[in-house]
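Each of the next two complexes has chain A plus one other chain: chain B in the first, chain C in the second.
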Partner chain A sequence: MSKALDLITRVRGVRGAMLVSADDGLVVAEQLMEGIKGGAVAALAASLAGKLRRAMDAAGTGTSVFWHLQAEQGALLVVPSGNAEGGILVVAVAEPDVNIGLVRLELLRAAEALV
Partner chain B sequence: MPDDIRALSTQLAQDPQSLVFLRLGEALRRKGQLDAALRVAVNGLERHPHLADAHDLYARVLTDKRDYERAFDEWDMAVRIAPHHTGALKGLAFLYFKVGDIAQAEAHLEQARKVEPDDPTIDQAIAMMHAGASAPTPEPAAESTVVSPTVVSPAAASPATASPTVGSLDEARVFAGLEGANEGLLLIDGAGRVLGGALRDRSGGEVTDAVAAYLAGVSQEAARTAKLLGLGAWHGLAAEGQHGNVHLAHPTPDALLLVVRERGIPLGRLTILAQRATAMARRWLEQQA
Partner chain C sequence: MSSQTRAVESWTLQPLTDFVRESSVRLVLVLTPAGQVLAQSGFARAVDVMSAAALAAAIVATTGELARQLTQPPFAALSHQGPKHGFFLATFMTDRGTLAVLAVYDLDVSSLGLVQLFYEQLAAELKAASPKGAVQKQVLAADFERELTDSLNTLFGR
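And then the complex of A and B:
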């Protein structure tokens, strides 16, 4: 697990990576820079993932395989692993100018490693 | 088969990588052989995806086939590749004119005039717009080569759409001119009420209201997440699904825009599309205020 998170945090601009329980929003594993509150990230990411999943289900686009919240001062990138409900979320917190494609790849790799 | 088309076809067959497909596609388009022109344009684009003239040719064929949404996308791509491509600038001006966005139409024609100040057709098109844009009859395409593309004059707009006035956009037109404007776009207010657009699921069922109801919750959660994590204001949420991709943005603080596309549309392209849709929605919302 820590190796997978290590590959994510090696990407320039990534401030932290975590594994989060999608079901209850608790931290499973984390590798964060100082100042990032893992518990808050986990809880908020899981909550947003749940709401997004319901909206995407309604829209007929199926379960999300990757999502990305873009904000002025940073970004939250998430890959759900396994069953969307009750599975694990692979989460990265990043700077706004991070290479999204690269982080996405590493998140997907980490999610594959979990299965 | 006319001699010129035959000769160009032979040349292309001998050297499929050559740019002769541009002349062949244009010749076919002018002869009204639109399906053949489309095939030539698509094949050419596959070999030369970064050639602005290829996107321009494809856009002109699509325009002749009245597929304005995809034509817009292709001309937009041409301008991204070659910002001074006058054919694409004039094409975009034409499409903006068709949906009644005179300001954008004129802005694109002005851009084209800066590149080709001696092109009289640009002045004519601007003058026609200023004259009220009545444009009673479509003009035949001006004689030109693909390198110096067809003048797409606002006067070529069909009678049904030829007399728009500034500020006349209605709800049905909020996304007009945008790729896939008739589906997969949804604009709602902060309370989850639909302002424009519509959504259908994969089986064709109407899901607009159901999705709208969920989106307000997604937006609130996105705002809360960004705020509590110290990320500042959120401006977009993009997601890849198993069967489709979505992008959520807020054109104004009180409105939400969802763009849904099939899985084959990559997230990067979806983001560009969403940015364009967001700008259109913002303009429309401002006009309604």
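And then the complex of A and C:
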């Protein structure tokens, strides 16, 4: 798990990476810079993932593979691993100008390693 | 402020209202370990408050005794998750004495992570708002029923 997180946090502009239980929003593993509230990010990511999953089910678009929430002072990037309901979310917290494509690639690799 | 959130002790109302709004919990009780209810949200019937408070107080007492037998400090929180709902029970110290919070949430709407996150905020706000220098009154069996009835009357506006 820590190796998977290592690869994500090595990307320039990534401030932390976490594995989050999609079901209950709790942190499974984390590598975060000081000042990032892991519990809050995990709860937010799981809550959004749950709502997104239900909305996408209703819209008939299938499950999400990657999502990116851009905020003024940072970005949240998430890849659901395995079965989104009851599975693990691979989460990166990054600076606003991070290379999204590179982070996405590492998140997908980490998610694949978890399955 | 939600019309479903009522408090016996008014200093608990705002923190509880914020907690309910932010964590999207379905039911909440703020009570003493003796089962005296200080505030509630989401309950429609007094009888449900009575049974939930009695059961929560029993769980606090049971886990407290288990911890004592294991020579551990009392457990901070207890969580139980079923297929559709979860409940979270935790105790914390205030100037009003030890208080317990029982929260019930729908898994479709909230999560343990969210409830834990906003519970920490609730506990901090209740600690800050609790009456300073309050003398902790011992609960006597003779007064308990009267106090319970008064609390329920306040909570359900009777």
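A few comments on the model shown:
Definition applied: the second predicted complex is superposed on the first by the 115 of 115 C-alpha atoms of A that agree within 3 Å, B and C clash if a C-alpha of one lies under 4 Å from a C-alpha of the other, contacts with A are read in each partner's own complex, and residues count from 1 in each chain.
The working rule: a contact is a pair of C-beta atoms (placed from the backbone, for glycine too) under 8 Å apart; a residue touches a chain by one contact, two chains touch by 3 or more.
Keep in mind it's a predicted model, so treat the numbers as computed, not measured.
Chain B and chain C, once both complexes are superposed via chain A, fit side by side.
More residues of chain A are in touch with B than with the other of chain B and chain C. In the superposition on chain A, contact is made by A:Asp23 with chain C only, not with chain B. Once the two complexes are laid on top of each other via chain A, the angle at chain A between chain B and chain C, using C-alpha centres, comes to 120°, given in steps of 10. Of the two partner chains placed by the overlay, neither chain B nor chain C lies in contact with A:Met1. Looking at the shared chain after the overlay, A:Ala55 reaches chain B, while chain C stays out of its contact range. Of the two partner chains, chain B is the only one that A:Ala71 touches; chain C does not reach it. In the overlay built on the shared chain, the residue A:Ala46 is in contact with chain C alone; chain B does not reach it. Closest approach of chain B to chain C, taken over C-alpha atoms in the A-based superposition, is 9 Å.
Comparing which residues of chain A touch chain B with which touch chain C, the overlap comprises 40, 47, 54.
Per the touch definition, chain C reaches chain A in the complex via residues 81, 86, 107-108, 110-114, 116-117. Those residues of chain A that touch chain C in the shared complex are 20-21, 23-26, 39-40, 42-43, 46-47, 50, 54. Contacts from chain A toward chain B in the complex involve residues 36-37, 40-41, 44-45, 47-48, 51-52, 54-56, 58-76, 93, 101. Interface residues of chain B facing chain A in the complex, by the touch rule stated above, are 199-203, 205, 207, 210-211, 213-215, 217-218, 221-222, 224-226, 228-246, 258, 260, 267-268.
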